[in-house]
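Labels for the chains are A, B and C, by order of writing; each one numbers its residues from 1.
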Amino acid sequence: MPVNQNNEEFRPVIVAFCCNWCSYAGADLAGSSRLSYPADVKIIRVPCSCRVNPMFILRAFEKGADGVILCGCHPGDCHYSTGNYYARRRMTLLFSMLDFIGVENGRTRVEWVSAAEGVKFSETMNSFVAKIRSLGKNVRLGDLRCKN
Amino acid sequence: MLKIKTADLPALYERIAQSQDLFLPVRSAGQTDFALWQKDAQVDLDTLKTVKSPKDVFFPQSETLYSCHREDGKLSVTPEELCDKPFVVFGMKACDVQGIAVLDKVFLSEPVDSYYAARRTHGTIVALACGRPETSCFCTVFGIDPAAPEGDVVTWMVDQWLYWDAKTDKGFALTDFLHDLFEPADESTVEQVKTAIRAIVKKLPYADLSLEGWGAQAADTRFDSPIWEQLYKPCLACGTCTFVCPTCQCYDIKDYDTGSGVQRYRCWDSCMYSDFTMMAHGNNRTSQMQRFRQRFMHKLAYFPANNDGVFSCVGCGRCVDKCPSHLNIVKVIKAFGKED
Amino acid sequence: MQELITRAKALLESGEVQRVLGWKQGEHIYDPEPAFFDSAEALKDFVYNGFCGANLSKYMIEAAKLEGKTLVFLKPCDSYSFVQLMKEHRVDREKAHIIGVGCKGKLSVNKIDADGILDIQGAGYPDCADTLTVDTLYGQTTVSYKDAMLERCHVCKGKEHMVCDEQIGESADTADSDRFAQVAAIEAMSPEEKFAFFQSELSKCIRCNACRNVCPACSCRKCVFDSTKFDSTQKANTTSFEEKMFHIIRAFHVAGRCTDCGECSRVCPQGIPLHLFNRKFIKDINSLYGEYQAGVDAQAKAPLTSFTQEDAEPSIVAEGGLTHA
């Protein structure tokens, strides 16, 4: 796997899709509890983890993301009862396909974060950013036109 | 007339590539297409037809026209630089060379397409006579001689030798540059090969295809024919025929948002697609029948009407080989022929 | 073949069907085209031979919009696509009279390694030969029927029709290789090898969209890649990213609905093994959510529109739990 030589300087672009009802509130709690997580994480709020179309994830990589994480309510706790169950199947298959075409499989992740889990949110983001830093820049899935 | 051993061709490629880009048929992942020569390239002169025609050396499937960049609130616009270095296309067949002549009529007439014109100015065409014409070939129907292509240099493959005959100033210049690789050759061998190729071509199944009734007048006589309603039915509306065609020249212009600016590029378009020539009011061809008719009428009626009777089909037969539904221009021509 | 024509004529003449959807004689034995026949007279051009690979289920989407019934000939594997389309309400079972036609493996002229092919003997149906005799401009050659078969026939799903009103002709199960062997071989590669493999295959893509347009599962009225709402390059092979995104998203969109009919690989002008994407999804679905074959049962719950509380977490991929399953 390509490891960036200057990992200290490498600031990855991380896109985090967070469901409105649990994970976004979890991020809020992390903020109001003054827990820290890297500023490299750009949060996109979605109504439900199930709203995330595989295309969103690929497009994030296309436009320069180095890692994409999807956060939703814990299975069983979905605001819409079952959305995250569908998301779970979809993401499993998508991640497996990305692995199949040779994209480093640490670049994508799914975590279930509830509104009460500010600590988990911050820990998740810290560990994910650390993982992406170790993987280095996303070269396999980016669009060359976006480099300038 | 000069010749070089086919075993020595890698040396010739290398010599050309020292000073300019060299495009030639390269086999990659089981298919052969024109590509930039590199040391480890698997050159394939045996495959008669590359999947795509070499037109994209002169008219790429997609090319950037200009880029806009935004930084600190300032906007800069950078036009793409025109081709300014000489290059060589090696191994073009007679039909493909005629394909370029068709493109010339479109892009080099006023207003001249500067991107295309720059490539035409700097490109040297080394044509290769067809060794083993295929069942789907019908170039002779359009007056093309696969045994004696046009081009800056014309070559023939005979046994272990490549015969080399420069025809134009560009061709002579290239030959001078490579002169020590060649040895003098005898015209008569090539004449024999030409005769052999012409004999095979006569036996091709589509050799006697009749273009009777096509040409400028077909725009009036065949546009409303009920035959189109029958012919288009199996068409899947994909762009295979268009994208493998050496003469299709329609393109679309689009913008790509790079996040910090815009790249304006043009790309091949296909009249088979539902968004072809889409305008604000919608589309002027609303059914697949109309789109299908457009493709063949353009090649066999509208183009000759505007270009002194020259058809914009060169009989390369790529669409015949590649159509997923086995539709093609030969079937169209024959269907109208039967009706007459 | 005569039996098919006789039956079609009878159904047309009795007024039971308005039209016949079958294959029409081309210029050669190897280029028949899908065609609608409106009259008994027109059926003189009807043909059914080893080169009738085209899956006619796709055309039944259009036929469902026409007046009256359409008689359609479906091979065993085509019938899976029809059932899947029924499930999605894209075809009208009431407006179809389906004759399940026998199949002994379909051929690809591209697999016959000869220049200037004029005629091929032994490719008829039902009398097909073990060895095809190929007449070319440059002499005669032979090739075994098996070697000239389409990729999909080597992983034949069997002789049974999933839906039909009547059956004419015998079929043969032509399977002689493991459907998932190629997928498993790629899974065993290193990420670098996988990436290099797909890069070299997909860089051939010319974005002609033939794979999409021929696919019975790709029946959206407007494809997301034809949208003017985002800057998809749609028909241009501008960058290697778009090619990957297009093929991944296309395969994903048909995941759980793809019957593995193999049309995408059959029509690709560049010979890209597109079925690998579909089969990867099918293999994963089978190992994660239980064996599932799309197009068998129009009532069954599809794997991507159902779930269980015990489903695997996506992290299974990073843990290598799927590759070694």
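By definition in this document, contacts are C-beta pairs under 8 Å (C-beta built on N, C-alpha and C of every residue); 3 or more make two chains touch, one makes a residue touch a chain.
All of these numbers come straight from a predicted model, not from anything done at the bench.
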Chain pair showing more contacts of the two, B-C and A-B: B-C
Central subunit by CA centre of mass proxy: C
Where chain A and chain C are represented by their mean Cα positions, the distance between them in whole Å: 36
Between chain C and chain B, distance of the C-alpha-averaged centres to the nearest whole Å: 30
Rounded Å distance, chain A centre to chain B centre (Cα mean): 46
Numbers and ranges of chain B residues touching at least 2 other chains: 256
Residues within chain A bordering two or more other chains: 145
Overlap residues in chain C, where contacts from two or more other chains coincide: 238
Contact footprint of chain C on chain A as seen in their complex: 1, 54-55, 58-59, 61-62, 75-76, 82, 85-86, 88-106, 108-110, 140-145
Parts of chain C lying in touch with chain B, wherever the complex brings them together: 26-28, 31-36, 54, 58-59, 115-118, 136-138, 200-201, 203-204, 206-210, 212-214, 226, 228, 231, 233, 235-238, 266-267, 269-272
Footprint of chain B on chain A - complex, ascending: 63-64, 145-146, 148
Chain A partner contacts - residues on chain B that touch it in the complex: 67, 69, 256, 258-261, 263
Contact set on chain C toward chain A in their complex: 183, 186-187, 189, 191-198, 224, 230, 238-242, 244-245, 248-249, 251-252, 255, 277, 280-281, 284-285, 288-289, 303-305, 307-309, 311-318, 322-323
